[in-house]
Amino acid sequence: MQKVKKVGILTGGGDCPGLNAVIRGVTKPAHDHGLTVLGILDGFEGLVEGKAMELYNKDVSGILATGGTILGSSNKGDPFHWPEENNGKIKIVDRSKDALKNYQAWDLDVVITIGGDGTMHIAHQLSQMGMNIVGVPKTIDNDLEATDQTFGHDSAVYVVSEALDRLHTTASSHHRVMVIEVMGRYAGWIALNGGLAGGADIILIPEIPFEWEVVYDKVVQRNMMGKRFSIVCVAEGAKPKNGSIVVKSKDLKRTDPVQLGGVGELVSKKIAENTGLETRFTVLGHLQRGGSPTPFDRILSTKFGTNAIELAIKKQFGRMVALRGSEIKSVRIADAISRQKLVKPKDQAVLAAHAVGVSFGTEKL
Amino acid sequence: MQKVKKVGILTGGGDCPGLNAVIRGVTKPAHDHGLTVLGILDGFEGLVEGKAMELYNKDVSGILATGGTILGSSNKGDPFHWPEENNGKIKIVDRSKDALKNYQAWDLDVVITIGGDGTMHIAHQLSQMGMNIVGVPKTIDNDLEATDQTFGHDSAVYVVSEALDRLHTTASSHHRVMVIEVMGRYAGWIALNGGLAGGADIILIPEIPFEWEVVYDKVVQRNMMGKRFSIVCVAEGAKPKNGSIVVKSKDLKRTDPVQLGGVGELVSKKIAENTGLETRFTVLGHLQRGGSPTPFDRILSTKFGTNAIELAIKKQFGRMVALRGSEIKSVRIADAISRQKLVKPKDQAVLAAHAVGVSFGTEKL
Amino acid sequence: MQKVKKVGILTGGGDCPGLNAVIRGVTKPAHDHGLTVLGILDGFEGLVEGKAMELYNKDVSGILATGGTILGSSNKGDPFHWPEENNGKIKIVDRSKDALKNYQAWDLDVVITIGGDGTMHIAHQLSQMGMNIVGVPKTIDNDLEATDQTFGHDSAVYVVSEALDRLHTTASSHHRVMVIEVMGRYAGWIALNGGLAGGADIILIPEIPFEWEVVYDKVVQRNMMGKRFSIVCVAEGAKPKNGSIVVKSKDLKRTDPVQLGGVGELVSKKIAENTGLETRFTVLGHLQRGGSPTPFDRILSTKFGTNAIELAIKKQFGRMVALRGSEIKSVRIADAISRQKLVKPKDQAVLAAHAVGVSFGTEKL
Amino acid sequence: MQKVKKVGILTGGGDCPGLNAVIRGVTKPAHDHGLTVLGILDGFEGLVEGKAMELYNKDVSGILATGGTILGSSNKGDPFHWPEENNGKIKIVDRSKDALKNYQAWDLDVVITIGGDGTMHIAHQLSQMGMNIVGVPKTIDNDLEATDQTFGHDSAVYVVSEALDRLHTTASSHHRVMVIEVMGRYAGWIALNGGLAGGADIILIPEIPFEWEVVYDKVVQRNMMGKRFSIVCVAEGAKPKNGSIVVKSKDLKRTDPVQLGGVGELVSKKIAENTGLETRFTVLGHLQRGGSPTPFDRILSTKFGTNAIELAIKKQFGRMVALRGSEIKSVRIADAISRQKLVKPKDQAVLAAHAVGVSFGTEKL
């Protein structure tokens, strides 16, 4: 049986603290095993268009603590649905054969694919065309069923928590309701964990549709008890129980994480109108995705990278690394994709509510 | 001559890191001199409505490093133009006599007034009615001619710089133009200093009206040189040379520092439309005003507080503390108010442009 | 069956970020359940000598993010071995009956005891005298078999990682070997995790006795490869394979965490002597124990506190909360004490070595 | 008159946050003016031994926020007193002619020399041999008379302040006296500013010899007032009024900034012995010199670099940049060297004592 000799590596999708630590975590032990590592540039775009560079130790030296990805990423990401411009018109074409051609031309034995659910879907499809894939899961939202935690999430929670610490003092001094909108279109983990760590009084998440009256009551009740301020942490995907969010600026894409005119602004305005209290809102946006990873994320990323290269060497293709308890395990990519991990109101949220008197905008959870 | 025995202290206007350090810097030496310190609550509102509490050492213990103000502040701030509700209607009345009455009833010898230009105006008017005032200047924008630096500014610049560090990695990895909107309606110091510290490529400030074409060119030029990202730091009051900013959301108050639908969003959209590059924008908003002050601000605040109480004891009323070089001096409040310190394109901005190739959106400064 | 009505709470042993978050996590839900919470001061000292104060919501408001413990702690900690001074002489006496007497006098139904292995031993003994106990494990070293992680550890690792980031730049610029000594007398988790997160080149931990020659070789080898600097992260309990550490300053207590003249200094000197390279060392000491907990620790502490009060209400006495995967469970205190979780060279350390080329000062693990 | 075409740049002496920002601040505008920039490696060592590399824009891209110096530094620093090894013996020789030879061989028009007082002395001597020099002052201690502030100092104060914040919580919870030893052999600025920012209760600096009894009294007095902890910030060069510091470990070089067995340890022990209170001490050491510069230092460094290249272009040789108020000026190197700026007890220290009740270990200042 042929040994694995040359490993490709690519990073797909949005930014996430820890990507570089994974790349380093793959490359260093790969070199120790005598393998060649090819860094494929700008995600699947590099695979389709043949852009890559060999990674030497000096390339991954000093990147443990840096945000972003030295390999670049791209939104033009799906080889199976490739936007091709022709006379000013965009046509969607299938360029997966180009991806495969480059894979073969580069003489790769495996591609270590770091990305979220979308990236893993594409990787899975490519693997069915004969490409060997090992996956490293990446989502700042921490919403993958297959792993206890993904890297980047702890860093995002850190940013939210730090922002809430800052907003707290102004809220308290100026007797205001401060609303902060954080990431999380379908899963509320960033809002829940960031809100808990930052001492939010109300946390609104997609998993628990809220009632406006309950939100107003909580704010008013705090005011009556002498706490003339409240902190509201809202996931961008939070929505009221009966009804939907009316996004003011209709032309803003719903996919943009910096969703101005979104739910944070709405919550802020409605609280002001219905309680008479002064409110302010802030949208954290891209601050949650960039910057140096926390120590937790650096360690997890390093371990993920090292385990991925071990899977590659052992030819455990089609598998993805995952954290279970304190150990790194692996799961089949085919089993992992499309399985989202949402906040379960009954356990996680109730606990939070008990712990710090947080309201989720519902009378009973 | 009667000695000063009882000192009032109040904090007016918006939040600013270092307010508590000033309060502590006033109170501790006041006690050492045997004075009584009365904390007037919620700015001038407390003076008008008679809300105050005596400050003991335990009250100011441990507040050096905390953001906000233990005395509270209020927007209902001007005794001379007091909003009074009557049958649901707001009428503006003059309640300066109530302020004076409380000053006398509390037996105060002087009020140490911490606040910005608006607060100093009011303090000056009150002093003309016979109230003794000592001022401590406060503006996060650092736009007072009378002092080399105001406390809070270094902390705001710190927040901007940290945010730019975070945005940099995403911009670089994902080949994007990242636009950040920071505070500064009339003076561009936060954008200039924060942008310099965070390595911005373009800084747009109110003092230098920019040309759209120059902004686009800079971004495109960087792209052509292989730098497939740019960081644009925009003061909320920045505006194009010929024309004005069309604020999208008209109903947003122009006075709201978190000016969504403002210049940051506009700059982001226009760069995207005119260069074809992907752009994202972030509005920092209230994060710039809250949280623990930097060591620089803690020291400056402490010195300001201590010098203010010395002015009070020496009956140097009508004066305001100020930083000159490395020393704390004082100036007459009457001379200090309404004198704004703006960025001078010829020195500060040219230097910055030289230093790091920053563009201010003008061909020649 | 009588319901639980009054809960005591105490914090024992050394400082650890997150103690206040646990106290808050206990007190808030306790009040929601209508319970009275009595804060016992200075650990077991307060229980023996009758020092306590009732905790109201205002007492735990705003303490989530603060280091230390509002209840205080004490080294005079063991009621069964109480140091009593008599005519200048210290005699050890048993004052456990005083502890029990106060427990009864205060009408407590249970004491929630937050502390490390020593504290849990005492708690277990007290429970055998009839006192109801619920435990919350606390060790900055993370060396308890019963729980996947203890609060405070992530914060300590954060401090180590941040310090290594700082030392890295000087090491690299000035071509030096930088040695940092961190906590961990028996378990090397802080050195291992902090070293991984901070990119250490050599990590020396108690679990893997090191060989001097292997340490020197690694440093020299890096130098020959053009990396003219190395970072060595040493647990205070690390020791060479054949031999023991000669602590220079004999009069320094071995129990003092700031063990100057300890292994860090020795490693630094011996590397300098044997490689001719310039070395410097730093002892992190108490910086690892204090300050605001990381978001991770704030969340874990809050959950631990909330689960502890639930155990108390359900009269699950003699049990201790514990993290298992992503869930909070509980274990019998009697089963948990004296069971240390050490770094297993075969899994954790080998992984680390693979990941980043870290040496543990042994030829083969 | 010949125009300046090629500029050398070197960094001498110990590490200091902001060195890279100066290098970038020199290089970017130099390129804009069409100059060639030669980075001389490892300080004067590179000048003597002919080690240098041309600096391109890509070399200085992204280094604004990084600690250390990309050019390296060396302790083998003085061309006039060069340690030469011969048969195992070190002989001091004069190699200044080699320095001059390389300067000429490289065709340099000027060398921008970044360093402290020692570096400036050497630069001055070299300039008398015919080398053109422009200086950028560097001292973490901020003890240069010629400039209001040096870069790196604000970052060092930041580290001290952050460490004191951490130690505060443990001191308070565990009723301890925490002693921290910081840099400053002759000037106490780091201890003074760091101590003020971190809320120290006692600050001991070289400029004000302290009396042991006054130190003990302050600690005991605080204890009696219910403040069962104290924070003592000691400059490494602090000494008692009548007597000198007995350094325990005699073999430790007095020049080593991490002076274990130094004054911090002594102060800690004597307080314990004389007050009966529990004490702990920490030596911050190299943590004060490394890591990312604060925004303040990034801005000052950038301005220093830009002004240095302007001086070079204008052939203002023999001059050094300096901060005066808010402006960058220049002074003659010959006038600047050997002129130290010490803390003046009468103004700076008295102010501090007033402000926060700090004791300097003297009855009367």
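A few notes on this one:
By written order: A, B, C and D. Residues from 1 in each chain.
Convention: a contact is a pair of C-beta atoms (placed from the backbone, for glycine too) under 8 Å apart; a residue touches a chain by one contact, two chains touch by 3 or more.
Worth saying up front: this structure is predicted, and the values here are computed from it rather than measured.
The chain with its C-alpha centre at the largest distance from the centre of chain A is D. Rounded to whole angstrom units, the spacing between the C-alpha centres of chain B and chain C is 42. Chain centres here are Cα means. That of chain A falls 31 Å from that of chain C.
Look at where the CA atoms of chain C average out and do the same for chain D: the two points lie 34 Å apart.
Within chain C, contacts with two or more other chains are made by residues 165.
Interface note: chains touch in the pairs A-B, A-C, B-D, C-D.
Chain A makes touch with chain B in their complex at residues 11, 14-15, 19, 42, 66-70, 72-75, 159, 163, 165-170, 172-175, 178, 248-249, 256, 258, 260-261, 265, 278, 280-283, 285-287, 289-292. Within the complex formed with chain B, the chain D residues making contact are 24-25, 28-29, 32, 61-62, 64-65, 148-149, 154, 157-158, 160-161, 165, 193-194, 196-199, 227, 294-296, 298-299, 302-303, 305-307, 310, 324-328, 347, 351-352, 354-357.
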